[in-house]
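I have a structure I would like to understand better, so I am pasting it below and will then ask my questions one at a time.
Chain lettering (A, B, C and D) follows the sequence in which the chains are written, and residue indices restart at 1 in each chain.
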Amino acid sequence: MTRLTKALLCCSALLIASSAHADDKLPAEVMHSWTSGGEAAAVKVIVDAFNARGGEWSDASIAGFESANAAYTSRILSGNPPTARSVIFGLDQRELMEQGLLNYVDAVAAAGKWSDAVPANLYATLGYDGHIYLAPISMHGESWMFYSKPVFEKAGIAAEPASWDEFFADMDKIKAAGLVPIAWGGQAWQELKVFNAILLSQLGVEGFGKAYAGDEATIKSDGFKKTVEIFGKMRDYVDPSAAGRNWNDATAMVISGKAGVQFMGDWAKGEFINAGKTLGTDYGCALAPGSDGMVIIGDAMAFPKTGKAEQDKAQALLAEVIMDPKIQVEFAKKKGSFPVRKDVDTSSLDACAQKGVAMLAAGKVAPEHAIIISPAKGGAVTDLIGEFWANPAMTGDEVVEKFAAAVTEG
Amino acid sequence: MAAPQNPRGPRPAGVTVGRVGLYGFLAISAAFFLLPAYVMVVTSLKSMDEIRLGAIFAWPAHFDLSAWLTAWSGACTGLTCNGIGVGFWNSVKITVLSVAFSVIIGAINGYALSFWRPAGAKIVFGLLMLGAFLPFQIFIYPLVRGFAAIGIADSLAGIVLVHVLFGLPLVTLLFRNYYAAIPVELFKAARVDGAGFWRIFLEVILPMSTPMVVVASIFQTTGIWNDFLFGLVFAGRDNLPMTVQLNNIVNTTTGERFYNVNMAATMLAAAVPLVIYFVSGRWFVRGIAAGAVKG
Amino acid sequence: MDVAMTADAAVSVRDLDIAYGGATVVKSLSLDIAPGEFLVLLGPSGCGKSTLLNAIAGLIDIADGEIWIAGNNVTWAEPSQRGIGMVFQSYALYPRMTVERNLSFGLRVAGLPKAEIETRVAKAAALLHLGPLLKRRPSELSGGQRQRVAIGRALVRDVDVFLFDEPLSNLDAKLRNELRVEIKKLHQQLGNTMVYVTHDQVEALTLADRIAVMQGGVIQQLASPAEIYHRPVNRFVAGFIGAPAMNFLEGRLDLTHGPVFVAGNQRLDLGRYPFTAPPAEGPATLGFRPEHVALAAAPGAPVLPATVSVVEPMGADAVIWAEHDGWPFSIRIMSEVTVAPGDILAVGLDVARASLFGADGMRL
Amino acid sequence: MAAGRETSPRLPGAGKAASSKGRGLAGKPRRLRAATAFLTLVPTWIVVLVVYVGTMIWSIQLSFTSSRMLPTANYVGVEQYRRLFATARWIVSLQNLVIFGVLFIAGCIVIGTLLAISLDRKVRFENAFRTIFLYPYAMSFIVTGLVWQWLMNPELGIQTTMRALGWTSFTFDWVVDRNLAIYAVVLSGLWQSSGLVMVLMLAGLRGVDGEIWRAARVDGIPTWRIYVSIVLPQLGPSLATAVTLLAMGVVKTYDLVVALTNGGPGSASEVPAKFIMDNLFGRQNLGLATAASTVMLITVLAILAPYAYAQSMRARRARGAV
């Protein structure tokens, strides 16, 4: 299909849509994986706004990554895709864009001046071949270190560690106090997030991206090797039953004062809040020691081609709603994340999120592997880091070598 | 096959070392099998605060049935907070239809393969058995495409067809073996009496098949009721089975986990096959004794 | 085979081949059964007799040949269209139907009017004394009752040819005898053609008009029971029929001074033996029925000294197991004669009633 | 299973085509008689050819392409297979399948048989015991995995409890030990499926001729000896059924591992079905996933083919003995 016919189709679709009766609701079936309480509350912000502006949201939520993908891909293959699907930025949806199975939202993006509102390095991950395909919803900081204030007090730790040396010294204190230093979530995806946090602290935002881009010099650099070393050293500071642990169980260890710190994305705040803990008095959030920047992942909405003009219109409306500055803030507040837009008033967000906003504004955010490399490569890296954590016999050189292979070949 | 009430083995001779050992073994085994159920039940009766203490074997400090209520009708999945109850009737619909069709077709297949052996019977059976050994995830893409082509993607018909497709090998195998134990002379007598394919099946063979119908139905019910992935992919939004809701509640990645609700939801979702086992366990054993193990 | 005769036959099998998975079980077998005849197919298990019966019934595939029943070529006809009724060894009663429904099943399938079905069932039930059992299920019947129902099921079909596949083998001895008589009576009453498969020679001898002794998928001898018993065509038939079995004495035929059978140092004069063909010298086997061995020297018969090893009294008669010069043989005597183990008897062989077989096992 | 009645005469169908001279009264070639039987199998044929064989061919074909999220026709030869066998996780998956398969099947057989024999010893409360042993089979593998994850968690489950009871050196930490994690999967699998084997074996035991017991008692043979030497060898068909049912489950093992260890620690308890699922839907690696499933298909064929061959040889011998 040529661009011209596409444009014509698009216009005619708009014509048909606008000529339709004004009271007609625009139905949209939205597939997402935000099934838990806080997540659902955040989605509700979008739903309410969407419905108020003439849409009719129909909710299709599926938990679990593989399952949700199986359902989504199947719907696309069977020619009956949903109106929209929550995805992450970057290469995740690239193939669908290449195959022409997604609608682009260039018009909405242009009208809403997305290119001005969204930081450039993120804006670049929203599209392909000159089009904008994804409507960015929210950003999650992933390189957070949550810590228990009572545990720190008990172990005699006065301040957040500013470097990894300080960090391990502090962890030794917690160990000495008879507690678990690091509440470790023993699943490969969580372990990779910790690795990423360390990697960013050692290589910086630019180096982080280079490492994942397969830059050999970066991967063989001392900073990378140091990352591997620090990551491996953490094995001495976790409890024996960490393997397989869910992140929220690890969070519970921090909440209940059994453990000192947990490295996790900002969604862990929800657990603290649910347990009635207060930021600043019961727990604190700090970026990973020594890091000048933050690893992030972003939620976005993708719009599969449905071939129905009404759906195209609903998609445009949804994209518009998502990027509405007010919605961005409200959504972030509920989800524990922070807005993608630089130009919004973030004063109502909590202290952690404020830090994230500041990082974003300063351009000090590093998009994580899921955004910048293909799912196959990301999976290979996840396997590698999970295996390295479980197998102390693996040497640093081996990790370097296999990491290079994983990000270049998948 | 001897009736279960026939005397077997020597009469137990009072309390002997052997008997004590026997009951000891049974008791330990029973404890092993019951342990998980115990943990699930007590966990479902605790509050989240008590669960965070981590004593999973401890008796609940005070009984709290709210998790069960939440699991059934209040647990949220996304925006809807209807618990897993909403999928119940979908699961019933899917299971009843799928079990009925797969058992009927499997019985006819077993009958045709066992008694009539038409051309290629061995080949079709061999391929059927081969299919039973493949990881079924690999079937999803082709089936999705195929179903879309014939217009049953995302429908009750689609999901039922999928379950029938994948239940066919086992059910056919069960009936084929069962019929192999029926004297072939019976079939010959009916042929001499002039009965044809369907008449023999409906009037002679099927009335004898009750035990295997029970066994096959139990096997199929268990598998289909517990299925999640096929239901998610093929059932369509209006027919999602209970397990999809269960997965949404239990399997969240970045949301909070309410273990008491999870456990209650899990048990509620497993209730139907469990009840079937409790009620028909005896028939199940009898049905298997009546033919499934004859070769 | 005489075509004119085949046309009159109730059942005619022509050049029948039956094969299973490459192995030929029955090879170019031909057989004519006259209307009203009671023909028994007799042989050891695996001889092809049941296979043949199933082929006549149309229950198995044949590889080649033709089958005619009542003048029609039924080679490719359905079992139910062949005008046959069949009774099976395991009764094969439909377990979920009452006796009445078992009997009427075939008629219902054929779509006969209800009144007609009732008449026929009642008739069969009366004939087989099944009246009180009509409402029962097969599981509530004894073995003998079940087999009577199975026979009744063949009866109601009102056909010319009945096929029996070892119908009495699953019954105990007493019932077997009773039912055997009943079947014979039935045959006399109805006058149908009956083809009866058995491995029990007593059944064969008592029931048959003619017996076809089968071995290896081939009919060895087709003749009346008396002919088969007294003049078996080969060693197999001779050995298979008769209990205790025929005694065989290995030796050779010497024609130097008229026909003489030489076994060890014994020379038996065969002057009175009815040869079927001019004899030739060479190895041979002489067969005697136990009852054709006399305890005293029969006139003109050779006499042998024999030592008694075992005596088996059987009521009316007795069987003596004796030995002559390392050759064990049996003798049937009236039970009044008292003989004890260890006795030495002088026995006489009735050569005229003996059977002589050549090196190829065929009757001489 | 089902050596069947090979000795009995068989009905039309497989034999020669009707010879023309045989057309007589009914006039219908014998082949047509089995037509209804053949027609009723047509849906099954369609399923087998279109769905099973079709999918096999489709996935074999895709395994030679560079397909990622969606099928493409960009053929890359055996590249995916090279990648596959260069992937440590796949190798581990295959090893685990063997370990799990052997231990799971053998364990279920042993436990199931012991339980069946115990219940066969005229015990009280037989129904209750039987229900207790069988109920896990009604539970999905997801549930099984979840519960056992808790029970085997060193800090929550059995280990902590035993230590709290005073046995301080008690260690039961299979799920978190990369060398033992696969055995944890086996253990929970045993919990779920042993009851099924028990039922199959119990059914078999109930079918054993009672006279054997009388004969053995007269001979003064100890009970255990009767089971080992006389009774168990007669349970071949039960065993065959059990092994078939369990083996079908082994190849498809996915939910149990996902719920129990999610393949961890590291990739210590990965299994092929999970590898395939992850690459199909998680990692947009269609080519690799289909290559993996092709390898699985070949493996299954390699195991089943000799078995099927032995079966048909046995059938042939049985027929030859008519």
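Please note the rule applied: contacts are C-beta pairs under 8 Å (C-beta built on N, C-alpha and C of every residue); 3 or more make two chains touch, one makes a residue touch a chain.
Chain labels with UniProt names: A = Probable sugar-binding periplasmic protein; B, D = Glucose/mannose transport system permease protein.
This structure is a prediction, so every number in the text was calculated from the model and none was measured.
When the partners of chain C are compared with those of chain D, the chains appearing in both lists are B. Of all chains displayed, D has the C-alpha centre closest to the centre of the whole protein C-alpha set.
Ranked by separation of Cα centres from chain C, the top chain is A. Looking at contacts between chains, the pair that accounts for the most C-beta pairs is B-D.
Chain B has its Cα centroid 39 Å from the Cα centroid of chain A. Rounded to whole angstrom, the centroid-to-centroid distance between chain A and chain C, based on C-alpha atoms, equals 89 Å. For the pair chain B and chain D, the distance between C-alpha centroids works out to 15 Å.
Each chain gets one centre point, the mean of its Cα atoms, and the points for chain B and chain C are 54 Å apart. Counting only residues that touch two or more partner chains, chain B has 137, 140-141, 191, 228, 247, 250.
Annotation for chain A: residues touching 2 or more other chains are 65, 67, 70, 73, 77. Counting partners per residue, chain D has 9-11, 13-14, 155-156, 277, 280-281 as the residues that reach two or more other chains.
Only residues 1-2, 4, 6-12, 18, 22-23, 25-26, 29-30, 32-37, 39-40, 43, 54, 56-57, 105, 108-109, 112-122, 124, 126-143, 146, 165, 168-170, 172-173, 176-177, 180, 184, 191, 196-198, 222, 226, 228, 243, 247, 250, 262, 266, 269-270, 273-274, 276-278, 281-282, 284-285, 288-289, 292-295 of chain B touch chain D when the two sit together in their complex. Considering their complex, residues 65-67, 69-70, 73, 77, 95-96, 99, 101, 186-188, 239-244, 374-376, 378-380, 383, 386-391, 409-410 of chain A touch chain D. Considering their complex, residues 1-5, 8-11, 13-14, 31, 34-38, 40-41, 43-45, 47-56, 58-59, 71, 111, 114-115, 118-123, 127, 129-144, 146-148, 150-151, 155-157, 160-161, 191, 195, 199-200, 202-210, 213, 217, 223, 235-238, 240-241, 244-245, 247-248, 251-252, 254-255, 272-273, 276-277, 280-281, 286, 289-290, 293, 296-297, 300-301, 304, 308, 312 of chain D touch chain B.
Within the complex formed with chain B, the chain A residues making contact are 29, 32-40, 43-44, 47, 58-65, 67, 70-71, 73-75, 77-80, 246-249, 252, 255-256, 265, 267, 270-271, 274.
Partner chain C is touched in their complex by these residues of chain B: 183, 185-186, 188-195, 199, 203-204, 207-208.
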